[in-house]
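Both complexes below contain chain A, partnered by chain B and then by chain C.
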Partner chain A sequence: MKLASFLSLVLITGFLFVAINKLHPVGAPLGNPDVLKDRSSAATDIINVNTMDDYYLRNSQTETGSNNVVSSIVFDYRGFDTLGEATVLFLVVTSISMLLSLLYKREDVDDYEFRKPNEFPGDVSRIISYGSYLLYPLIITFGVYLVIHGHLSPGGGFQGGAVMASGTALLLVSALITRHVHRTRRIFSFFESLGLTIFISMGFAGIGTTFLYNFLANGSLTLFGRAIPFGPNPGFLNSGGVLPVLSFAIGVEVFFGLSIILVTLFHVARHRKDME
Partner chain B sequence: MTDFFLYVTVVLLVFFGLSAVLFKRNLIKIVIALNILEAGVNLFFIVLAYRPEGTAPIFTLAPELEKLRMVLPTPQALILTNIVIGFATTALMLVFAVFIYRNNGTLDIRNLKGVEDHD
Partner chain C sequence: MISSVLFIILSAVIILTAMLSLYFRDLLASIVSYAVMSLVLTVVYFHLDAPDVAIAEAGIGAALTISIFVLTIKLTRRREE
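Up next, the complex of A and B:
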């Protein structure tokens, strides 16, 4: 058995080493590296554009109104993929929540006390309590900024949601939130479902053309419809079409989904500790 | 060979992850090894997409177009997917580890119920 493992390991690694020789050298991918320099060609011009990535770089601003090409791929060109990913996350959160709820009784849950920093429990330092009390609003603000500016700067729904969920982790480890854990979980799961529902609704809203069509881009100024010409610009919040809406929906789903995972795991750990 | 150095790093990461999955006995270590393997895959995508002097594919406050080069955006979008799914599957695997520990009293895969020793 050990020999078979060893042989398969050597075989797979050998195949990977052989496959390296068939790849392009580092830093020389397919496509034209100077694809952005020719300003004269119009958005639909595909001269000098011989790969999918170069097409995205040239046309994402005029087609989706998003400065961030990665966001325009995640939420527009490959929006269906993102819907599948959000569904996988939803499924994982549901199964973790279901499995771990087998490990504790409901009536043990509501006994915990809510603590303010000055009523800190014995096992948590006062510095940690006060520090997280101050840090939590900043973390949430940063996460919301990442979500709102997803189509302009690095960030987006996934990253912003993960940052905000780290705020939940901070509250849990600093013992600022321990009571109402079960009730929190119900509120969290409602908002998580709401995020996914908004995403799917936006997909159906564009179904006149195709599912998840960016029907708001290059439309009304108040509805994220500002037209963005090709090239660098300072960034305009009211651009991007459905991208900011989808980013918001994903941000809500990721934040509350990861928070459910954290709260449930914390809850089981706490419960086990109390039993000992 | 310097052109392929980063690819070698990718293969080494996959090698370490895979060997730990195959030879480690502790479930927690296997979960960590799978994360290392996933890091190798992510690095592979990044290396594929790299262009010399390329900036992030974001036009906000970018340099003027004559000087502008950008790395390929699609692999970055795929990695975004991979990271979130990786987090979710890691959490699920750890929950399974919790259940296995409760049912067997151990995390050693040799001592699990119903597992025959083939060594």
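Up next, the complex of A and C:
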């Protein structure tokens, strides 16, 4: 057994060292070196394109109106994959929350008190409770920023939702929310389903062409339709077509879904501790 | 030059903390070591021009996974057999 694990370690390390020589330089386009030069028309360009990377780098800004090429791939070109991920997350949250809710009785957990930071909650020190109250708005603000600017800057719905859910984790671990688990779970599961529903209905809204077609891009200015020039530019909030909407939907779903897991797990742990 | 030296140091810290998180018998110490690994991995991702992945790693690897593990330890035992 020890020999096998040692051999596998050596094999994997050797493979990684061989593979590291084959990497191309970070940040350099893989195919055509001319892929970043200026383009004249807004039509789809397949002349200066050798590989798939070239196509995305050259056409994603004019086709989807999104400055963030990664976001344009995740939510537009590969939007169906993202729908699959969102569905997987939804199923995971549903099954975990169903399993954990079997571990306590309803009347046992509904009457905890809400604690303010100056009420010195039992096993939590004053530094932690005040510190988390100070940090929580900053974390939520950063998460909302990531979700809203998903089509302009690095980040997007999934990252922003995860950052906001880590704010929930902060509140729970510092033991500030301890009340109304059932009401919380009902509200959270409603919003989680709402996020997934928005995503799927935006997919069906573009079904005149294909499912999840970006029908808002380069259209009306009020509906995220602003066209953006090719190349580096600061970007506009009302560009991107359906991308900001999908990013918002995924952000809502990830935030509330991960928060349901954390809240349920926390209440089970709290209940067990009080039973002892 | 400086950045490649820094990169090697960070990679060594990642490997060290990953091995430590397997080595510890105290599961809470193991989780803390895992959190350090995720944080350093965030810096490495950022260094490799992947800020998207860095944000996801910081949010999920260093915050959410850790708190879920801590809550799970509250529900089970702290020490490995």
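Definition applied: the second predicted complex is superposed on the first by the 237 of 276 C-alpha atoms of A that agree within 3 Å, B and C clash if a C-alpha of one lies under 4 Å from a C-alpha of the other, contacts with A are read in each partner's own complex, and residues count from 1 in each chain.
As a working rule, a contact is a pair of C-beta atoms (placed from the backbone, for glycine too) under 8 Å apart; a residue touches a chain by one contact, two chains touch by 3 or more.
Quick caveat: nothing in here was measured; it's all calculated off a predicted structure.
Of the two partner chains, both chain B and chain C are touched by A:Val70.
In the superposed model, A:Phe158 lies in contact with both chain B and chain C. Counting the residues of chain A that each partner touches, chain B and chain C differ, and the larger count belongs to B. By the touch criterion stated above, A:Ile148 is placed in contact with neither chain B nor chain C. When both complexes are overlaid on chain A, the residue A:Val26 reaches chain B and chain C alike. Contacts of A:Leu172 after superposition: chain C is touched, whereas chain B is not reached.
Judged by the touch definition given at the top, the superposed model places A:Asp53 against chain B, while chain C stays out of reach. When both complexes are overlaid on chain A, the residue A:Val268 reaches chain B and chain C alike. Residues 26-27, 70, 154, 156, 158-159, 162, 258, 261, 265, 268 of chain A lie in contact with chain B in one complex and with chain C in the other. Contacts from chain B toward chain A in the complex involve residues 3-8, 10-11, 14-15, 18-19, 22-23, 47-52, 54, 56-66, 68-70, 72-74, 76-77, 80-81, 83-85, 87-89, 91-92, 94-95, 98-99, 102, 118-119.
Against chain A, in their complex, chain C makes its touches with residues 48-49, 51-52, 55-56, 58-60, 63-64, 67-68, 70-72, 74-75. Chain contact summary for the complex, chain A toward chain B: residues 1-2, 5-6, 8-9, 12-13, 16-17, 20-21, 23, 25-29, 31, 33-34, 36-37, 39, 51-53, 56-57, 60-61, 67-70, 73-74, 78, 81-82, 85, 88-89, 92-93, 95-96, 99-100, 103, 152-154, 156, 158-159, 162, 231-235, 254, 258, 261, 265, 268.
In the complex of the two chains, the chain A residues touching chain C come out as 26-27, 70, 146, 154-156, 158-159, 162-163, 165-166, 169-170, 172-173, 258, 261-262, 265-266, 268-269, 272-273.
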